[in-house]
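What follows is a group of structures, each given as structure tokens.
Consider the two complexes below, in which subunit A is the common component and subunit B and subunit C are the respective partners.
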Partner chain A sequence: MTTVKIAGEGAALLPRRAPRPKSRQKGQGRWSALFLSPALIVIGVFTLIPMVMTFVISLHEWSMFTPITEMNWVGLENYETLFDDSNRIQAMGNTAIYVVLSIVITVPLGLLIAMLLYFPKLKGKGLVRVILFSTYVIPTIAIVIIWSNIYAPGYGPLSTMLQAIGVTPPGWLSDPSWALISLVIFNVWQMLGYYVILLVAGLTQIPEDLYEAAKIDGAGLVRQTWSITIPMLNKTLVFVLLMTFINSIQVFDPIYLLTQGGPAGSTNMVSYEIQRSAFSYGLAGESSALAVTLFMSIVVVGAVLGIVMKGRNK
Partner chain B sequence: MKKTTLGTAAGLGLATLLAVTGCSAGGSNDEAGGDTTVTFLTHWGPDQVTMLEDAAAAFTKENPDVTVDVQAVPFGNLLSTLRTQGASADGPTITGIYDLWLPELVRDGLADAAPDDVATEVTDNWPSSLVDAASSEGTVYGVPNEVDLYQLNYNTALFAEAGIDGPPATWDELLDDAAKLTKSEGGTTTQQGIGFITGWGSGAVHPFLSLLASNGGTFLNEDGTASALGDDAALETAELYQKLVDDKLTDPSKSTANANTTGPYLDNFAGGKTAMIIMANWWESAIKDAMGDDYKNVATAPIPVGPNGTESSSISYSWMTTVNAKADDDKRDAAWKFLSWLNGPDSGEAGSSAMADILLSMGILPSRNSDIEVNAAALETPFLASYVSALETATPFPTVIGGQAAADALQKQIESLLNGQTDAAGAMKTASDEVDSALERAQK
Partner chain C sequence: MSGAVAVQARRAPIRRTPPRGRLTKAFLYLLLAIVAIIPLFPLYWLLISAFKTPAEFASVPPTWFPAEPTIAPLVTALTEVPFAQSMLNSLIIVGGSTASVLVTSVLAGYVFAKHRFRGRDALFYGVVATMFLPPIVTLVPLYYLVSTMGLDDSYLGVMLPWLANAFGIFLMRQFIMDVPDEIIEAARMDGAGEFRIVWQFVVPMLKPAVVTLAVFMFVYGWNNFIWPLSVLKSEALYPVVLTINRLMSYTMSFEYQNVVIAGALVASLPTVLVFLVAQRVFVQGIASSGVKG
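Coming up: the complex of A and B.
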């Protein structure tokens, strides 16, 4: 409120600019269009056209071995039969579990670490942030090589540590009951640093005087977190939630590199099923229908989050 | 006016973009040089690509009007490269393909029918099972090269330690030997009698189908339109797996494979934690590298015969080279001429084909009859001899449209069975239903 008033006063003190002549506005519009057109064309060519094409392909039967002009029209059949295949139902179930577990673990853990890194006056916080963020920067293929050894049964470091304390290690990637959880652990480890950095950036936007006022009023750490930090961090938290959802639902690299959707389909996800249907089975139409469905679910969740946020801000 | 401005600006932008990205029409290289250039897409590694390039250079020396340009992609990307580039006349002229992919390529008009002379050469010089795999409805579409089979690999040192004289020849002996070879400590299996691969389609499915074939069964019906996993032979094979799991003679945690088709299953066999495994001939170089001096303890034997089987039979699959039917006439003619030479007896060392020399450098069995004869000494190694003998009684993996999806459906149930998530009857019932569904969808 105070900021708005000052800005208003400041604005009132400034000399009023004369309106720009219409011809000058026109000229500026032309130049703006000219400079924006390469970017708009790139977005159109590489984003909008592929999206439209994916939808068009989803209405056809196509093996990808023939030219795209020779696809067979099937209408909505690929959508009608989408759930006839048990692999796809399993892939959707696995993806839902993976997304929920990733969100439930990553967001609270990210918030906790961000608060630990932001509030206490400790030396080496910057170094910890760099280390945390590095897991996000390193290419997945390099990380997968390390994690495939960490998860190695019997002789891997994780199994060896558990055996040393008398615990029988599970088959991290070989046991269908554990493989999906192992991938969630990998995802949390890889993405946590990125979300922590985002949350720390959000924490820096909360005015210090709010905490000071709360302390004077006798609010403890839990009360400050619950009544100041979380509400003030609302937008960042929703963004982190949405990014975790989008990144998790699109997971592909670790599946392709570590488990190939197995064992027994326990790590088969929608994105992997899309790739397998199109490139291994030559069912590009069905694969595109699955891709469109995945995209729509992301849009719906994004919209719901947007509506919730709007409602809360009112 | 506004629309005109935007349109002009967008047009300018597009022109700029096209100029920057260099999108312009142009002729192919061979037109500029006056020669015919054919491209050869393969998944081989750098050493074999160099050998192929040397062979191509030797061919060009004899045929100065033809240049062969070798392009290599990783195995995992070969099919996707073919799907994204194969439909074009400018796509790869020659491609090394897995025989399971051929029916789809033929259906979509991408595989060129071999000219009469090449077709006759293939029919006369290759085993009939491989000619069948390279053909569709009596027409030859490819020149077979690599053939792969599965045999029982076992660790002789562990056998000697367990007091076992030789490899098991029957399923009963397999169960007895596996029991003697299994060790456990505190409920954890430290050494498994037999290992079954999981997490990799062929590694899981082919050993199962080899045991099934050695029990008198088949994966699909005769015309490849439905599953044959509902038969007793398949149920007995699944029951063998279940017995090994229930008795803890196999440990699925020691059997996973990664995307490179290596990983724990290889490490555990190489490290003496797996006494027996059913694997293909091409992994010889991998276990040699992994085991070092201990490789001397590795021996191979035929697949044990089941109660309903009459003889040991391994699943076999092959690779072949096909020519792009969309390529122009000159390129297709040049491609077939090159393939005929590359796979013929005059291109390699001492009567061997250049193709056989490349394959043998990887420890892979060549398939042309004359190549097997000429390279008999090289194939008579303790490891490979059993695989060569198994060629005669091999059961080819059915090459039908939808075969890959059908195999994946079976893999899922094999892995469920190995992990104790289902029993033998349930696994075969579900596998049979899902295989039928996969075939129906692909063949409709």
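Coming up: the complex of A and C.
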């Protein structure tokens, strides 16, 4: 945006800079290509080509341990199998619940914490922000290990604390009706700091005089949040929502390391099925059909959010 | 837009602002403490569990501080599996891919920010779109490609898809756009080539972006589990997250639980240290990546 503007004005105000010799522009083209090629080659070969391959493989029967030239065309059969398989249906359902719960908890909680860390004059806010973010930099495997101990019945601190205040603790990871929720808590705990940083950054962009005016008019905190903060922050909020969605929908590590989809399939997830179908069962075609389904759901959600945002901005 | 909101706010029913007494302040500090304790507690638990004896670790109710601190679990973790080697493996893989991402991102970001050619912005948005693609979607063909190249079970095989990425290009472009055109033009007038312009005039102004991207890639590469899990077979090449996984799969009995925890603690130290050293610049950089996006 800015560069375009500068270029346009530059032509009028500083004619000495504007009419660049043609030869130099041609030379620049060569540099552009040279500088772009390392990045574009890596992204092309290791992201775009595999993406196309995923689509192609999803229409074939293939074990992935034989040469790709030997796969058999099956059309949409893999997709039909997918929606006939109760395990995969359950994995999709679990993933949907996991994603929705993660969003529903993360976005409002992240906003409240961001407001706490931005508006009032409190000592130690910077430190708290660093502490919040620190969970994001720790390897998920370490976090999985520690949370499995925190959730442990008997010797685990969480159950002990709940018992101390007279609450009977649930079985957490071993109870089919609690295991998924336990993983959501874990996910929110790990990722919240990242979103809080983004939201605080969004808050700093809201002009302060809006709040001044609202205060003069006697609007309280709730009213200010509803009429100023949320509408002015909606771009950041949508971005955080999208990132939470994309990050949660690909949850893999805690499932692989901790629950293997259990108990009773209650934490089986799409990404775990994708990996397991291909690497353990040699069903790369079905695995890819599931991967395409996951990809399409991101495209759809992204498109819907995009359309909603466009509508609002008008 | 801002005017409309202000007008809307002005129409709000007149209400007295809540009393800003000491009570409110105390309440806010209480909230702040809770917000700090919730992330800290599991980390505290990680730390103390690593120094408990197996008996104390399994005691019901749990102890909140190790009664007889011991380094035995730590020693077992570091000796039972090739721990030092795997830390080194992680460093090699992460160091190589981070360096590559920095170079490729600065170069591509510079072109997207400062060069003009037809289709530039379309190309840029195409690159940015890949940022939203979860790696799990391409895991199977990526594994197939890398193993067909004969690079499975090698450092390079793990590093290949991490040598460049859209986030880095995006971040660098946003920061390079803030570099004044005049500086680049002046350097060009003085006869500086494009490489020198980038290296001598652009890069020195990108310190926060470089630090942010480096820390981000370091953390990403160090913590990533599924890709090395898929592509590596030899234990001698395992990054530390796979070694911890190995340690975990030995046994789930109590005698080993705090050994696994001690290993997890050591494996977490590098990313935590890197983050703490760079946190001021890094948090700022992540924040501006969101605002500018």
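By our rule, the second predicted complex is superposed on the first by the 296 of 314 C-alpha atoms of A that agree within 3 Å, B and C clash if a C-alpha of one lies under 4 Å from a C-alpha of the other, contacts with A are read in each partner's own complex, and residues count from 1 in each chain.
Following the convention adopted for this analysis, contacts are C-beta pairs under 8 Å (C-beta built on N, C-alpha and C of every residue); 3 or more make two chains touch, one makes a residue touch a chain.
Please read these numbers as outputs of a predicted model, since none were measured by experiment.
Visitor: Quick check on the superposed pair: does A:D217 touch subunit B, subunit C, both, or neither? Answer first, second, both or neither.
Guide: It touches subunit C, and subunit B stays clear.
Visitor: After lining up the shared chain so the two structures overlap, which partner does A:I298 touch, if you call subunit B first and subunit C second: first, second, both or neither?
Guide: second
Visitor: When the two structures are overlaid on chain A, which partner does A:I138 contact: first (subunit B), second (subunit C), both, or neither?
Guide: second
Visitor: Output check: A:Y194 vs subunit B and subunit C. Expected answer is one of first, second, both, neither. What do you get?
Guide: Only subunit C is touched by A:Y194; subunit B is not.
Visitor: Should A:L40 be classified as contacting the first partner (subunit B), the second (subunit C), both, or neither?
Guide: Both partners, subunit B and subunit C.
Visitor: Once the shared chain is lined up, is A:Y281 touching subunit B (first), subunit C (second), both, or neither of them?
Guide: first
Visitor: Check whether subunit B or subunit C contacts more residues of subunit A in the superposed model.
Guide: Touching more residues of subunit A than the other partner does is C.
Visitor: Taking the superposition on A as described, I'd like to know which of subunit B and subunit C A:T66 touches: first, second, both or neither.
Guide: first
Visitor: Shared contact residues on subunit A, subunit B side and subunit C side combined as an intersection?
Guide: 29, 36, 38, 40, 42, 64, 154-155, 256-257, 278-279
Visitor: What residues on subunit C touch subunit A, complex-wise?
Guide: The touching residues are 2, 5-6, 8-10, 12-18, 25, 28-29, 31-32, 35-36, 38-43, 45-46, 49, 57-62, 64, 103-105, 107-108, 110-111, 113-117, 123, 127, 130, 132-145, 148, 160-161, 163-166, 169, 177, 181, 185, 194, 198, 219, 222-223, 225-226, 229-230, 240-241, 244-245, 248, 257, 260-261, 264-265, 267-268, 271-272, 274-276, 279, 283, 286-288, 290-291, 293.
Visitor: Within their complex, state which residues of subunit B touch subunit A.
Guide: Those residues of subunit B that touch subunit A are 1-2, 5-6, 8-10, 12-14, 16-17, 79-80, 82-84, 86-88, 104-105, 107-110, 186-188, 198-201, 252-256, 258-259, 263-264, 267-268, 271, 273, 402, 404-405, 408-409, 411-413, 415-416, 418-419, 421, 434, 437, 441-442.
Visitor: Which part of subunit A faces subunit B closely enough to touch in the complex?
Guide: 26, 29-30, 33-34, 36-38, 40-42, 63-67, 84-87, 148, 152-155, 168, 170-171, 173-176, 256-260, 262-265, 276, 278-283
Visitor: If we count contacts the way the header does, which residues on subunit A are in touch with subunit C in the complex?
Guide: 2-3, 6-7, 10, 17, 28-29, 31-32, 35-36, 38-40, 42-43, 45-51, 53-54, 57, 64, 68, 113, 116-117, 120, 122, 124-125, 127-143, 145-147, 149-150, 154-157, 160, 189, 192-194, 197-198, 200-202, 204-205, 207, 209-210, 213-215, 217-221, 223-224, 227-228, 231-232, 236, 239, 242, 246, 249-250, 252-253, 256-257, 271, 274-275, 278-279, 284, 287-288, 291-292, 294-295, 298, 302
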